[in-house]
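Same chain, two partners: subunit A is paired with subunit B first, then with subunit C.
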Partner chain A sequence: MRAFLLRRFALAVPTLLGVSFLVFALAHVGGDPARAIAGEKAPAETVERIRHEYGLDRPVVVQYASYMGGLARGNFGRSSQTKRLVAEDLKRHFPATVELATAALLLAALFGMAAGVLAALRPGSFVDLAVMSLSLVGVSIPVFFLGMLALVAFKGMLPGGGRLDFMTDFTADRTGFVVLDALLSSRAEVAREALLHLLLPACALATIPMAVIARLTRASMLETLSSDYVRTARAKGLPVMAVALRHALRNALIPIVTAIGLQYGTLLSGAVLTETVFSWPGIGRYVVESIKGKDFIAMQGAILVIATAFVLVNLLVDALYGRLDPRISHA
Partner chain B sequence: MPEFIDVLPARGPSRAWLKVRRSRAAMAGALLVALYLGAAAFAGFAKRPPREISQDSQLQSPGAGKWFGTDHLGRDMLSRVLHGARWSLFIGVVSVGVALIIGVPLGLFAGAAGGAVDALVMRVVDIMLAFPAILLAIAIVATLGPSLFNLMLAVGLVNVPVYARQVRASVLQVRELDYVTAARALGAGRTRIIVFQILPNVAAPIVVLATLGVGTAILEAAGLGFVGLGVEPDTPEWGTMLAQAREHSFMQYPWTVAGPGIAISLAILGFNLLGDALRDALDPRSSKI
Partner chain C sequence: MKRWLGCAVMALVVAGCGKGASKEKGPQPPGGFAGEVLVYARGADSKKLDPQAIEDGESVNVVTQIFDTLVAFEAKGTKVEPALATSWTSSPDGMTWTFKLRTGVKFHDGTAFDAAAVKSNFDRYLQPAHPLRAGLTETPYDFLYKNISKVETPSGDTVVFTLTEGNATFLTNMAMFPACISSPAAIAKHKEAYGQNPVGTGPFRFVSWEPTQKIVLEANVEYWGGSPKTKKVIYAVIAENSVRVQRLRAGEVHIIDGVPPGELDSIRADSSCRLLLEPGMNFSYLAINCEKAPFDRPEVRQAIAMAIDKKELLKLAYRGIGQTGPNALPPTIWGYNDKVADYPFDPVKAKAAIAAAGIAGKEIDFYVMPNPRAYVPDPASVGAVVKQRLEAIGLKPRIVSPVWEGGVYLGELKQGKHDIALVGWITDNGDPDNFLFTLFHSTAIPEQNHAHWKSKAFDTLVVQAQKEPVQAKRAEFYGLAQEVMRGETPVVPLAYLPNIAAIRANVEGYALHPMGLVRLKDAFAKK
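Entry: the complex of A and B
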């Protein structure tokens, strides 16, 4: 198992290097970073001075090497827009995205699996039809439209954006997760407020994974429900629900858990659009803002972090897959 | 060419077609796609041009003569939504075209060449897949600058791996089959085998992927439009329209969101239904008729 994990990590290294090179290349093909740092109206000499100061007049390969050297020391460069270190900005914004994605995943897994099980218990029934149709609609509605719909529908009932009310005086400086930090500093009212703020964006972000998980759970359950051990368990006189949950679902779980894991990677990144709708100060919105401000250094760092998280999450899911199914051995 | 070779594949599509015809989901999908194509075709009949600004009819709610209401510049939402179908169809089809033009030869090449070439191509594909699609598209548009052309290029490039992978997998399956060996024994060259023997036989999954792909491309393009990296702001493109609604108090004027939002959702739903049904029909493993 450990050898397998190591090998998978080793394989991820060239991918991540390739990712870093591609992002670097994109950031440098696109516009002039020196001009971006200096500002639109800066005179040509200033731009040239900055180009020299930041080493932007060196060959691209040298620049890439020095950027990677900086990365190894945790230095992502300085944002031309916020004037802060990109690493600091990321530390501030990434937890917001993780918080949102985690909340969405929990919702999606819980309701998606429940719906899938209910549908599989009576294939062809009204419940089944409803679950399948809703899941189809769920994957078809763009998350940004759904988010705006939710905002209109719950106007005045639920907060419309941000992680906390504007007036609330609280900074999440321990873990970066507002809900967690509020609980840690025993401010239950802040935690409650943060959860309320999470509700709409998390629900909107959860629809697509929820639909995917529901369909997969249904398919996987249908398979296990028709197996001999389920028939035996029913013949013994065990109640339907007990058999469904303890026998069928348990065995149906392997592909479901894999799908849930893969969805998490997608959620971390898919938050770009949701964060824009709900003014959520996460890393996706940071990417969009830095692009609008032609802040290529910030964009580069943020995209790199998201892509790395995406690769690593998928890798972990892969490893977990072997753990869950004893029939798969990686020896 | 001896006749029996022609007979076998000819039966496949008709059986698949029957299956598609019998599926209610497929028919619903086809209806939605037809509706969408109709909207695109007849958008020109809308009473008002989609970009016509009207000072005295801003943000009017839907009613007689203005079924979808008007937006913050007094533009007719119905006309804009209909023209939006045209734009999104154009963007979706061209993007998928870009992805096919690059992805299919790449997959054919990698699969047929094998060895180091194959390994290299697949590594590049892996790297592209390491990015979440929308993020890579955003990065490409950001680099090249927002414009219609770059939008379609970005959405197309992001989807290249999908087709390259599928084609390569099919090529690996097909290239050891008897008819390929036979063609080789007859003295056909590598290019000839790829173009005349392998390509027609890997086409079915590509058709399915491309159908589903138009839906995905529409969605991705609308997403880019929504974050402000799409077409010119006055273009009646659905994602851009939603972005403008968001900036102009859509909470008070929900119809500015409803029109384009429902339109995108229905279009994507149609392509999803149709693509799913096509996949089921063309997949030999599910050949219950």
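Entry: the complex of A and C
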């Protein structure tokens, strides 16, 4: 197992290097970063001066090497748009995305798996039909539209966006997770407020993964429920639910865990639309804003963090296989 | 596992205990504040709060509350009035300007505002090797101040500016945001991070900034112009336009800008909100590329002007708000020539002119920006309506929409790739020079002169106006310049739009400024 993990870690390095080079190269296609920094109204000589000061007149490979050299020393650089340290921005935005993605995934996994199991136990029943239809709607409905609907429906009842009310005076400066930081600072009312703020965006963001998980759980469970050992267990007189949850579900879990892992990776890359509708200060919006401003130092740092998160989540999923099914060996 | 669940349940139980934050008491003005917190929501966050380093409206909006300039634009117009300077004089040739400064004013960090601070600010702005310059690589508006050759301080409350040449716009430029005065001590202390820790003398002091979420300011009760009426201002970011309207209507915020035209009716119908509409100082126009045949011929450009039904365009693509006119500056700006007649909508005559020029069926590149701008909220609709009208006179326009960001769109206009382009402008300083010279003088090719138009007669008039100190005489020059433009038709002005904001019904003391300036000193949400 340890050898497997080390091997996967070693493979992650060229993957991340590849990502970093690709992003760096893409940042230089279309548009002029020097013009973006100088501003629309700046005269041409100012643009040229900035190109020189930022080193943008050097060959791309040299710029890349210099950036990677900084990164090796833990220096993500400064955003050209805001002059803030990119590392500090990422410390603020990435936890916001992790908090939202985790809440959404918990909802999706819990309700998706429950719905899938219920549907699989009575195939063709009303419950099955309802789960399948709703999950089809869930997969198809645009998150943006759903978010707007939720805002209108819960106007005045639930907060319409952000991690906290605008008037709340609290900064999540310990872990970056507002709920956790509020509890650590004994600010229970802030934690409660943060949970309420999470509710609508997490529900909106959970719809697609929930629908995917429900459909996958149903399919996987149906296959497992028709196996011999399940029939034997039932013949021995074990209750339906015990067989379904204790025996069948565990074996049906492998494709579901894979799906959950992939969904989590996607959610961690920032749900731009949900973040926009609900004014969530996540990494997705950060990337979009930096692309819009040709702020490629900020963009590069954010995409590297996202790519690393994606690789780690996949690694975790691979490691989980062995726990779920001892027959799988990573040797 | 059970222990974790227990902790989570405990946390939720504790969390349910309600709010317990105590109200902090800070300095109060005599008689107290009329309002506690005022939440102003906008579509994007500020980038930096160093007045010399910014150009985006969202940064300017906040900087205006924290800083003062030597002179300021009056509450409802473009005339300048005293601010940090109580009086000023200029030499007859307009080359030397002497400002008498207000005494007893302090920056928010407690240091004194004086002539040395003013000199420090301008030296930092204009001298690339200045010691306070750390981190200030870009100064997007410095071209407006390049004519300052020297700043001297004969006494603690007197500053003298010497210019390289007389320019009538000098005083209005001194009222603009790049001329805001920062605390030199704070610049030296924060260095590269000064843009996140601004210190001025303005009505509000900077408190905190959660990027992409909110900026918090608090009242400077010792403000020389009187204490603000609200204790705290929060600039909140709500990126999506319709969500911003939604949250105003839900009472979560007090003032919003960037109101989408499609939401105007819903706000009007909601008694808990009020819509503010005031004529603005912007315009959108079609720039016709005068360097490219067949548009190098005035009669072809005039045919384009006659092909557009501006009333129809205003109704279909601008939702009926704003007005149209013949001139390349809005009627709210002094110097607007209301005697210039617009080309009548005459597609028959236009079609005949196109046929006579032998260009019927010609394919042309019509540039339309892909994103909304404040002066054209729905460029795609403008593009569609204009395209249809150009087709009706026998041209074959192809809509080209390169991305706006990173200067791509404007970059292609600079290269002259367009035949016709949709562009626009919002005033910087409320002076006609900022439209006519900045956008159409031949030296503005290729930067801002998107029509690539050269006219000696026009150039002479706008330069004469620039050097003339008497406003009435300047207005005469600008009036003539507008007549020259009408004759040569390098552009087709489309619409002048109002500034729009929406507020909660309990907000008082807030009014829109024609230049789009946001001033919150007298605004408050009634308790």
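Just so we're on the same page, the second predicted complex is superposed on the first by the 327 of 331 C-alpha atoms of A that agree within 3 Å, B and C clash if a C-alpha of one lies under 4 Å from a C-alpha of the other, contacts with A are read in each partner's own complex, and residues count from 1 in each chain.
Here, a contact is a pair of C-beta atoms (placed from the backbone, for glycine too) under 8 Å apart; a residue touches a chain by one contact, two chains touch by 3 or more.
Bear in mind the structure is a predicted one, so any value in this text is a computation, not a measurement.
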item: Subunit C versus subunit B on the shared subunit A, clash or fit after superposition; value: clash
item: Which superposed partner A:277 touches (first subunit B, second subunit C, both, neither); value: both
item: Contacts of A:42 with subunit B and subunit C, given as first, second, both or neither; value: second
item: Touching partner for A:183 - first (subunit B), second (subunit C), both, neither; value: second
item: Which superposed partner A:151 touches (first subunit B, second subunit C, both, neither); value: both
item: Which partner reaches more residues of subunit A (counting touched residues only), subunit B or subunit C; value: C
item: Partner chain in contact with A:163 - subunit B first, subunit C second, else both or neither; value: second
item: Touched partner set for A:306, first subunit B, second subunit C, both or neither; value: first
item: Which of subunit B and subunit C A:292 touches, first, second, both or neither; value: both
item: Which superposed partner A:141 touches (first subunit B, second subunit C, both, neither); value: first
item: Which superposed partner A:50 touches (first subunit B, second subunit C, both, neither); value: second
item: Shared subunit A contacts, counted only where both subunit B and subunit C touch the same residue; value: 30-31, 148, 151-152, 155, 160, 276-277, 291-292
item: Subunit A residues within the subunit C interface of the complex; value: 30-33, 35-44, 46, 50, 53-54, 78, 81-84, 89, 92-93, 148, 151-152, 155-156, 159-163, 165-169, 171, 183, 188-189, 191-192, 195, 276-279, 281, 285-286, 289, 291-294
item: Subunit A contact footprint on subunit B (complex, rising order); value: 123-124, 126-128, 130-132, 134-135, 138-140, 142-145, 215, 219, 222-223, 226-229, 239, 242, 245-246, 250-251, 254, 257, 260-261, 264-266, 268-269, 272-273
item: Of subunit C, residues touching subunit A in the complex; value: 11-12, 14-21, 37, 39, 44, 47-48, 53, 55, 135, 137-143, 192-193, 195-196, 208, 210-214, 234, 236-240, 242-243, 246-247, 249-253, 403, 405-408, 410-411, 447-448
item: Residues on subunit A engaged by subunit B in the complex (per definition of touch); value: 14-16, 18-19, 22-23, 26-27, 29-31, 136-137, 139-142, 144-145, 148-149, 151-152, 155, 160, 265-266, 268-270, 272-273, 276-277, 284, 287-288, 291-292, 299, 303, 306-307, 310-311
